[in-house]
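Note sheet for the following structure.
Each chain gets a letter, A, B, C, D and E, in the order it is written, and its residues are counted from 1.
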Amino acid sequence: MKKLLTLTAALLLALAYAQPVKIGILSPLTGGAAGTGQAQKAGFELALEEINAAGGVLGEPLEIIIEDTQATPAVALAAFEKLMTEDEVEFIGGGFSSGVTLALVESFRTFQPLVTWIGGAVSGVGIDGFDGIEELLGNEPWFFHIHPWDYQNTAAANAFIASTGVETVGLLHEDSAFGGPGAATSEAVIESQGIDVTLREAFKSTLFGGAGDFRATISKAAATNPDMLYWIGYDSDVLPMTSQVRELNFTPQYIFGTPPGWPTDFAAAPEAECVAGLIGFLPNLPTAEAQAFTEAYTAMHGSEPDNYMAALAYAQLWAYADAINTAGTTEQDAVIAALENGSFRSPMGEWSFGSSEITSRQGFDESMWLVFQYQDGKREIVYPPEKATAPLRSCR
Amino acid sequence: MSTALKVEGLAASYGKIQVFWNISFHVDEGEFVTIIGANGAGKTTVLKTISGLIPLRGGSVQAFGKSLKGFSAAKIVRAGLGHVPEGRQLFGLMTVLENIESGADYLPEARKEAAKTKDFVYKLFPRLAEREPQLAGTLSGGELQMLAIGRALMSKPRLLLVDEPSLGLAPALTKTVFGALQQINKEGVTVVLVEQNVQQSLKLADRAFVLENGEIIKEASGAKLLHDPDVQAAYLSI
Amino acid sequence: MRRISYDLLFVLLAAALLFFLPATLKALYGKASVSYLSLLINATGLAILALSWDILARTGQLSLAHAAFYGAGAYTTAILLKLADWPLWLGIPLGGIVAVLLALLLGSVTLRLRGIYFAIATLAFAEVLKAVVQQLPTRIAGGAAGINVAALFRPAFIPGEMERWEVAFLRNQSYFLVYVGILLLSILVSILVQRSRLKPAFTAIRTNEEVAAVMGVKPARYKLLAFALSSFLVGLLGASEAHRIGSVLPDETFGIGTTVFALVTPIFGGLYTTLGPILGAAGLASVEELLRRTFEEGYLIGYGIVLVASILFMPKGIVGLIDSLKRRRRKLPRSAEEAV
Amino acid sequence: MDLTLLLQGIVSGILASGLYALVSVGLALAIGVIGIVNFAHGEFFMVGAFITYQLFISFGFDPVISLFFVAPTLFLLGGAIYQSSIRYVLKAPELNQMLLTFGISIILQNLALLIWGGDPRTISSVAYRSIGYQLGGVSIGLVPLASFLISLVIVGSLYYALLKTPAGRAMRAVAQNRMGASLIGLEVNRVYLVTFALSALLAGLGGVMIAVIQSPTPIVGFAFTLKAFAIVVLAGLGNIRGILWASLVVALSESLVATLVPNGDALRNAVFFAIIFVVLIARSRRLA
Amino acid sequence: MSILQAQGLSKKFGGLDAVSELSFAVEAKEIFAIIGPNGAGKTTTLNMISGLIKPSAGKLKLNGQEISIKDSAERCHLGLGRAFQVVQPFPEMTVEENVLVGALFGKSGVSEATGRKLAQEVLKQTGLLALKDTPAEELTLLQEKRLEIARALATQPKVLLLDEVMAGLRPGEARQAVELVKNIRNKGVTIVFIEHVMPVVRDLADRVMVMDYGKKLAEGSYQQVTNNPQVIEAYLGAEE
């Protein structure tokens, strides 16, 4: 009898150990941001397959539980609390949109799981009377941010603009939470380089009910004849914006846009020629990591990883896997230490957490951003110089 | 003489209310039959049930020896039954010409003879020819009635059901309309007329029925009914 | 009057049950009760949205402006807290009041519009209001970035004495009770409408405004009253939700989704009743969550199919379905065939 | 204000009315003839846009060629949706129609998400997309011009067809008087079926246009649904010709505000809906 | 003094003169019939009196008070009740609720209790008590007509406008209805009614006004108007 009990206890103990590590993912799989969510999901799926092929985490296959947030705060909140209390995960990943992130702040603080978070780029730094994500969560030891902050995006864009030697820039930005609040800051940063911002105009993005007719705004910009057209909008604005610039016979030296993603197959469009953009990852980035990722991703999903959110998601899950394996336990402090001290693989190259304005657990900064230019149907990296695959071309 | 219309044990439902009747009658080909009865007696419902506008819930309707069971209103028109309905049901935003032409447009047989029929209609009602380009919605009551009859004629019906054509018409116009119906009948079209204007309609009729609360309570020749004291008391009050 | 006291008794009973629901859930499911409560809060919010919309619809006014009143409530509390050191709680009733003022403004100019013309006019109002709020000076309404809104409840974590999830439980319990409070208020308003002279007035106006007027009912008065009641309730909801989700943003807070679900839910549950919108909210929330937990992908396709099927197979909503089942069981004569 | 800029604003506004007219005309038909409040109308554009995209990807078809595939496909899709659901709610209250069509819209959107994903797609090689003709400093875009002309032709020929052809007259007959229509030998339900299918077909044509100038996404149609409804209501239910005027008024106003007001483009939707609101209110007061 | 006066009442629909220059006066407690062929403008006249249609020209006085500019509800509160030709009950409400609408809102300041009591009385008076919980959409035509009268009565009118409420009734039922109307008058209510069924007009009307083409053709006792050759021609159709 005693023997049986010991056996049972041992078995139970073994089972307890054999519990696979579960990571809860919050991602907008449906609704207006479904493109981002689906890209993240694809990235997670690839990383998961690789991690488990490489032996999993703590000797067991890793599990992920993806919950759809519908990019809606109340839905995201319920999804998070489900992950915490029903699925009993200890690690949270995914992430998108500042509105959704703000809704989660209180509950994050309550549960204090280990959170690594993609997106929610609104830092709040530099915006008076508004607390952004970095201001709210930057000092929490369990919060790791994996995406450059808004000011880092601005800095990256600005560095590129300054490097081109243009003297005048026309700035068009969409007017929602993505392009709206940062526009004035961008203008100031650019002007601090001695570059004249000839015009700053807001437009209605197609994502928020605009009909995609930017002609009036582009005409206004054209009338100020800037050397560069710099626009901030969404991926669904790319085609109308670039085609209308051409249609209106507006020929700035450079057309530079910073949407969060670029439409699939846009490279082959004639409108793409010479358009430059900021991107976190490019499938043709000439590094071994990037090529391996692109190849594996394409093999798994049948298309190239166009949306850099896939690459970030991939990096995020690998970071968890590596950190937990390094820590040798799922114990939070140990994993935090492993995350803080480790360096991780990503399609963008090796990376580790560093410091930004407030937090010291910031993954990726302005250096993640590449500026590419569509040249002859391909995306060539033109900035920063050390990663460039081709020189920047003038559109004139 | 063969039978144009044979109705047996007719029952119908109107909206939610199911009205149970037991109406049976027949009309011979070439006959002019008038049905009179008070408002709400069910005259209109009888016509609508025959022409398929109200689903038949019981009994049977045969036209020219063929059962109309399961026929849609559109199919019944094809079977040779024209209906000039209560309220005329014209297309107010179409011209007079369009309204007339529409009567033949969707019936291949009638369409072939549309021009000829139209001439007949215009001869019957010269007023319609004058009003040709006008919107139907702007016509006077008499003209509307002429148009409704004209449109129904365009389908080349062998049997014409006419619902209270004198409604709201001045006496002179009523006379014109009734005259036209008489002429149509003479051309060989069987006519079933439902009327409140008892005096004139009974004069036209070969035969007439009195309908009360969904029941035929009297049947006789038009002239005979016209002088029936009961009918006089009920409908003429003189 | 006797019926209304029955109703009140019923509401009190429901209130008592709902009051103890969180504790019961906790006892039954432990940790998971946090998640269940979260879903229940969302469902309760949906019920408030639906019931408040239904109250307005009882006068025949098919409004597509519910997002505007919801947003007005949310922004009121957000702006008050941003500009001054207001008591946290005051923003909620004030949010309701501001929503009422806007509703009266909208209602008084749309009195003569019917059907789809009314619907589109109210939709246009909501869209314009969204743009106006976004264009207000940033220091007042936050512009496109929106405004942070402080949480209503921040239960403290006492290490050693409780677990972390219990803090979340306390917070969710508090929000749940606030939402239940607003729902109960909505139910009371709805019952008051249904059991008072307002019901005949509302129904008469909805069925035939002209005949109602000839019977002495003043359509303008009751249409505006319905607007005020409806917008107050949804204004309260908007303000509370702003605190719970921590921010207001023009595109999100005034999003068309609020409007759409405000009308979809009562149709699904059964229009012009107190129970219908609540059952509708419970039904739709459960359907969505069940589908979500069953299908990894495309669960919203199933949701759409449920909506389509519901209209085809229960055109009068859940309440209509229950009614017809009841009738069938009692073998009440339905057609005149049996009645004759 | 620069005169050229103003002229450009006017030209852009006038040409932009073409797209608005194109997306509204099918809905006007559905509301005007059948009386169905179709919340899924925008999803027909979306489906049309994705089919155009898929034909390009699979066979390299230019959107102009795809027109001939999209039109019949959408016609069939519209017909199928009518037969399987819409016809059961013809006499139901507007609200039931709204819920039903909202359900259809969710189904179509999420099916598209499942098939094509959420990322915007691009029909890459369209040679004519960005062509603009310069006329004294003012640019006239080929695609806007074409969409303007196409919508003129479509609305014009639809108007003509409704007036002059037997099929068109059948639709008007059914719209004006159901009972009268069945008494002239029309199977009312069949006319409705064809009308709804045609309405979907017209939306599909709008979808091809959207596929050219925008990137198809599962949600690309929804914003157009709301705007199309507003335009149809502004034109007056069932008034096909009015669609052109209503589209012109809103498109031109949008463009002028976007041109004349600083950050005016961000006000486009506000301008659009403000006009709708004011016109509806003013009209209701005048009628009383 | 006349309780209801119309002066120069006119209504144009588009180009059509539905009613033109119509003047008449109804005395208190009178039963006043308006007859005439369909389309003569009778219902339009009632609609103008009850405020559903704005007259193109003309004045209306109720009890000496000008009511032309008042809306329907205000006219109702001043004592104008109306039953419709095409019966228009509120189909989703029960019979009692239908009557309650009139009882509660027909006069301003009626309390809920008073209104309910009034509704009960009216239901009893019109023989609808047994049907009070029946949804109005399930009534037969006859019951609907009774409901139509009951609802109007519940507004406690001084003047009751009845639009062809006898249409479609059997002779026996019509006789009952005639008694009902007489009873209503005997309680001090003035009645203005449109009717086609001539025996009903004969039995009920104190005075008859004949309309044709929107104009007054004749006015007087039943005997007077039915012997008027013009009336015979217009209304009954000319003899050959």
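Everything below uses one rule, namely that contacts are C-beta pairs under 8 Å (C-beta built on N, C-alpha and C of every residue); 3 or more make two chains touch, one makes a residue touch a chain.
If you're wondering where the values come from, they're calculated on a predicted model, not measured in any experiment.
A.B. asks: To get from subunit B to subunit E along touching chains, fewest steps?
C.D. replies: 1
A.B. asks: Fewest touch steps from subunit C to subunit E?
C.D. replies: Minimal hop count between subunit C and subunit E: 1.
A.B. asks: Measuring centre to centre, with centres taken as mean CA positions, what chain is farthest from subunit C?
C.D. replies: B
A.B. asks: Across all chain pairs, which one has the most C-beta contacts?
C.D. replies: Summing C-beta contacts for every pairing gives the maximum at A-D.
A.B. asks: Among the chains, which has its CA centre at the largest distance from subunit D's?
C.D. replies: E
A.B. asks: Between subunit C and subunit D, what's the gap in Å when you average each chain's C-alpha atoms?
C.D. replies: One centre to the other, that is 32 Å.
A.B. asks: If you average the Cα atoms of subunit A and of subunit E to get two centres, how far apart are those centres in Å?
C.D. replies: Centre-to-centre distance between subunit A and subunit E: 74 Å.
A.B. asks: Just give me the whole-number Å value for how far the CA centre of subunit B lies from that of subunit D.
C.D. replies: Each chain's C-alpha centroid was found; their separation is 43 Å.
A.B. asks: Distance between subunit A and subunit C based on Cα centroids, please, to the nearest Å.
C.D. replies: The computed centroid separation for subunit A versus subunit C comes out at 35 Å.
A.B. asks: Taking each residue of subunit C in turn, which ones touch at least two of the other chains?
C.D. replies: 127, 134, 297, 300
A.B. asks: Which positions in subunit B touch two or more other chains at once?
C.D. replies: 16-17
A.B. asks: Show the residues in subunit D shared as contacts by 2 or more other chains, in ascending order.
C.D. replies: As it turns out, subunit D has residues touching two or more other chains at 110, 113, 226, 266-267, 269.
A.B. asks: Which bits of subunit B are touching subunit D when the two form their complex?
C.D. replies: 51-53, 72-75, 77-78, 82-83, 85, 88-94, 98, 101-103, 105-107, 151-152, 154-155
A.B. asks: Tell me, which parts of subunit A touch subunit D in their complex?
C.D. replies: Per the stated touch rule, the residues are 30-39, 175, 201-204, 206, 208-217, 219-220, 223, 235-236, 238-240, 242-244, 246-249, 261, 263-272, 306-307.
A.B. asks: Can you name the residues of subunit C that touch subunit D in the complex?
C.D. replies: Result: residues 57, 62, 109-110, 112-113, 115-117, 120-121, 123-125, 127-128, 130-132, 134-135, 256, 260, 263-264, 267-268, 271, 297-298, 300-301, 303-308, 310-312, 315 of subunit C touch subunit D.
A.B. asks: Under the touch definition given earlier, write down the residues of subunit D that touch subunit C in their complex.
C.D. replies: 31, 37, 85, 88-89, 92, 94-96, 98-100, 102-111, 113-114, 226, 229-230, 233, 237, 266-267, 269-270, 272-274, 276-277, 280-281, 284-285, 287-288
A.B. asks: Going by the contact rule set out above, which residues of subunit C touch subunit A in the complex?
C.D. replies: Of all residues in subunit C, those touching subunit A are 31-35, 38-39, 41-42, 45, 82, 127, 134, 138-139, 142-148, 151, 154, 157, 164-165, 167-168, 171-172, 241, 244-247, 249-252, 257, 292, 297, 299-300.
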